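Okay, got some structures for you below.
Two complexes are shown next, each including chain A; its partner changes from chain B in the first to chain C in the second.
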Partner chain A sequence: MVLELQKPRPIWQIMFSTHHTDIGLLYLISSLAFLFLGGSLALAIRIELFLPNIEGTGQIIADSMTFNRIFTVHGTTLIFLFIIPFASAVGNYFVPIMVRYKDMAYPKLNAIAFWMIPPAAVLVWLGFADFTWYAQPPYSIISAPGPAADMWIFGLKILGVSSVLGAINFVITILKCKHPDMSIGQVPLLAWSFLVTSVIIIVAIPTFAAALLMLLTDRLGVSGFFNPAMGGDPIAYSHLFWFTFHPEVYVLVLPAIGMMYEIIPRFSRKPIYSYNSGVFAFVMLALVAFSSWGHHMFATGMSFTEKTVFMVGTLAAVPASAMHVFNFIATMWNGRIKFATPMMWAVGGIALFFAAGAGGVVNTAMPLDFSTHDSYWVVGHFHLFVMGTIAFASIGMVYYMFPYVTGRMYNETAGKIHFFLSFVGTILVFFTQHVLGLYGMPRRVFDYPPIPEWIAMNQIASVGAMIIGVSMAIFLVNMIYSSGKGQLANTEDPFGLGGKYYYPFEAKNPHH
Partner chain B sequence: MKGIVGLLLVLAVLIIIPALDLAFAAGAEPGEYVDRRVIIWNLFFRMMTVAFTVGAVVAGTMIWLVWRFRESHPKAKPTAYEGTDW
Partner chain C sequence: MSGHSNYPEWIYVAVVIALMAWVGAEAWEAERLVEHIPEGAEVIKVTAQQWFWTFEHEDGTKEIGELHVEVGKAYKFEIRSKDVIHSFNIHDYVVLMDAVPGRVNTVWFAPDAVGVHDIQCREYCGLIHYNMRGTLYVEEPSS
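Take a look at the complex of A and B:
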């Protein structure tokens, strides 16, 4: 195993290793650290919104600028420094083993891709920019204070390059390094999710890389691409941004679905119901990812035809997503399901995936989009995806990987308490935010008028966030304590499921 | 094969026609004297009716599934794959 705290390896041996499990471990630890950091900022936001500011009371954060900085870094951290690196952690651990290759195709490139993340994170955190994770011009060009904004731009640039390098490595590993006896139709669905995700990254990220450069030169005053004062168009940035970041939504969610495809059959003690439909749905979602970016801009004066095309393109994600959900349900059917902690997180994630998708259908129906646009409905919808589906699958995967990574078992009771509190907290926060949006509360606000319904719903959401905070504290203690003092795991069958597994045996030797 | 084509046709009718209906509800012509708030909220409540109905079926199925196929259920029996190298 790669992390054995009783007989620790020198830290430099892990840091300078190019072995996929060591890189995976670095991704895992850093992404979880950023989960807690970004989550702390979310708690700060929710505590500020617990009460409106009435004559000096109810205000905790000093001013709106600080609040804006906090939610910018919160979003940037959790998307770019937790979710994506966490997926890379899982991919690094599992993909080479699943395709039966000794390592990633380019081990040194793999290490470089990881080591680009810390300097990028330093830029984002030391800068603490205030223009949201979206960096919307013209504010980001004209008014956003530097050097924070410039540091954010450089940080994101580095993270983009890191993602592309990682994606190239996954594509080559899966397509070119898989065992000669293994056809592409035999590659496990988790690896398929990484293949599809990597292709999306390679196609989508360069557009944002260009947009960032244009944003930077606009800020320097040498160009005016997005600056209306120089004849530029801020909406052009929106198109470039969402051409990358709507597919990026699928970059976030597809590995999470892949993780569910790993967990659910294991704990149901059955193979996946339909492998082919899983592959088909992954490919379909990748195509749909590029046909729906315009739905973020229905309110910016698009023509009726454009809106119709993007609405139908977005709705095309529904059947593909439903295929995954059906596949999960059919796999569990007639199984003998062991509800260990990873399975609880995966099943909870499926339930919330459906709810999040239903909210998305409302957003994409263009007449309704005008009612929900820029309201808390959108915040609730997006967060139900990233927390309710992606983070749930990811945390389930942390528990699943724990015995393989540490050689020890986590505390099962603490894991289940963590799940129940997080599930309840997630529903309280994000379902309530949907209703809050229907009541008209705009997103990204530091303060709100003392309307009784708004106050009550903000308080419910904030209490939910605090419950999630408590559950995450339990998670942190469980992980740290169990890594050193947990029971030794039977690494050939740590969850007592019976059957044989293909990966733990081969992951034992990190040296090569 | 005919069954699959039929199923796809039914899905197409169920998905595409409501989508187009929604699209035309938006309208873009000047001089229409309709209360768009009423139309939009009517659409919202119709969609919510569908979402809650489908949601109840999916959530209900999952809750039953979780209860019935848990390993501690009295009628739980080993699957055909247990102990094999699947």
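Take a look at the complex of A and C:
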């Protein structure tokens, strides 16, 4: 690993580098910056919903348009500018080392893929569109104000190309550049998660790229693919969008599971319970990812047969996800577990992954979906994935990588406080939102009627969000302070685990 | 791979698959019953537009933002939209169906008690989506 901050270099050396750890560092810093930016928008949403509008009081954000723009950019930022680039950061650091190659297969392509992100981010943030991250026509065609909407479309277009370039690079690196002595069955599970994810990206993203172009020409008025006034069908967009973005859910979650596969055995001081079932479950999830997009559209007037097919396709993802959970628990079973900060985040993430999956079964059971669809239940459900599982694994990975990147140790106590506050906060926000959904509160609302139960649960959720906000401030201070002034880390064994089961990415490790 | 037996995992996976099969079968059976529209249900045409609901009864009377129905009767909603996608929702009766421009979606319900319930829009439709609300009055039969 490279100790960037211990041996200060001029910033342009990192910026113009094509070395995989430098690009990993750029991905890491930019994605964490967007975690804080997107998270502060979430706080704005929760503060606004703390009180309903009663006789002109209780509104903090001036108008609903601003609020709608905030939740749109919140979602877009955290999905496309935090989760996906963060996974690329981890992949850039670890994949070449895990397959024992000197760099990514195409270093310049790698740098280009990263440098497409800042212009896209500028388009999304300066535009501040209002049509949700879903951009559902005909609203996005006939109602959404430009140029924000058009800037969002171009931004997403660029991010899509960036993902595909990155994915091609990972596939080639893993399949073609791995050490000749290494069979594909010896590639660590973290690298496997990137292989599977990259294949999903290459298959899924072009569909959305096409849909975005059609959306743009529809907005320009030269076509009417999705505009019913010109004979188009808005539901066609939903199909194209979800054909990309249901698999995208697995693009987000599989690297996070891969990160847990890196952390859990290390801190349990045991080998992974079953490598083969981990690989099998990854491949299974990649396949069933493409069989379930329709479950987002049960309420658009789908026929009974379509709904049944997509329900079965969705339920098929459960056994493979459950295999991962089993694998984690069986690995920890009888292990000499060291609950250092990365391990706490990984274990907390597994618990919330289980809760999120259980909620997902309710969503896909057809009659129940009509109770939860487009309500706060759904908000709680997918946030348990993106925050509870993916962000938890990612933050665990930040702590895990910290000594290798900076050569220093973070403050362990602050890391643990960060975990406990975030865990409690996440449960307060997102479990409560499940119940709020069952009471019928719709998503994406600027204001709500003063129903006592709704007020109480919104306030619990807002308090939870504040707790997460405080914990993230601790995280930020810890990262900045420790990277400059933290204790020097023993990079041979920074977590004091001993034994032979750790750090497979250290190429010099004879046990690798 | 490493010399231990994996049979607990296979048992576990079998249990999960069995559970999912049970959930799927129950859901299939329930949805089949829920989707069966009873004979002779009264048709109410629902029209969504930014940002209010219009209801037209079989006898031609129109209501805006309010819907009066009689307890014990079955009603079939024919849902249309004039502009963007909305979603017609009476949460207390689990009535939820998108209003898609260019399509007519149907959903039915049979109120079983006198009462007042909220009607709301559950699909993001712009500026006043949050306040695209209505009221359902379930009343005693008039005759």
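To be clear about the criterion, the second predicted complex is superposed on the first by the 491 of 512 C-alpha atoms of A that agree within 3 Å, B and C clash if a C-alpha of one lies under 4 Å from a C-alpha of the other, contacts with A are read in each partner's own complex, and residues count from 1 in each chain.
The working rule: a residue touches a chain if its C-beta (ideal position, glycine included) is under 8 Å from a C-beta of that chain, and two chains touch if they have at least 3 such contacts.
Just so it is clear, the structure is predicted and the values come from calculations on it, not from any experiment.
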Touching A:S375, do we find chain B (first), chain C (second), both, or neither?
second
Is A:A299 in contact with chain B, with chain C, with both, or with neither (first, second, both, neither)?
second
Figure out whether A:M366 sits in contact with chain B (first) or chain C (second), or with both, or with neither.
both
Is A:Q136 touching the first partner chain B, the second partner chain C, both, or neither of them?
second
Counting only touches as set out at the top, which of chain B and chain C does A:K307 meet: first, second, both, neither?
both
With both complexes overlaid on chain A, does A:P271 touch chain B (first), chain C (second), both or neither?
both
In the three-chain superposition, say which chain, chain B or chain C, touches more residues of chain A.
C
Is A:I235 in contact with chain B, with chain C, with both, or with neither (first, second, both, neither)?
second
Taking the superposition as given, does A:G440 touch the first partner, chain B, the second, chain C, both, or neither?
second
Applying the touch criterion given at the start, work out whether A:W115 contacts chain B, chain C, both or neither, answering first, second, both or neither.
neither
List the residues of chain A that touch chain B in one complex and chain C in the other.
271, 304, 307-308, 311-312, 315, 318-319, 361, 365-368, 370-371
Can you name the residues of chain A that touch chain B in the complex?
268-271, 303-304, 307-308, 311-312, 315, 318-319, 325, 329, 332-339, 347, 350-351, 354-355, 358, 361-362, 365-368, 370-371, 498-500
Please give the residue numbers of chain C that touch chain A in the complex, ascending.
1-2, 4, 6, 8-9, 12-13, 16-17, 20-21, 23-24, 26-28, 30-32, 34-35, 50, 83-85, 87, 89, 91-92, 94-98, 100-103, 105, 118, 120-131, 133
Give the list of chain B residues in touch with chain A in this complex.
11, 15-16, 19-20, 22-23, 25-28, 36, 39-41, 43-44, 47-48, 51, 54-55, 58-59, 61-62, 65-66, 69-71, 76-79, 81-86
Chain A residues touching chain C in their complex are 64-65, 68, 130-132, 134, 136, 138-139, 142-143, 228-229, 233-235, 271, 273-277, 299-301, 304, 307-308, 311-312, 315-316, 318-319, 322-323, 326-327, 330, 361, 364-368, 370-371, 373-375, 439-440, 442-449
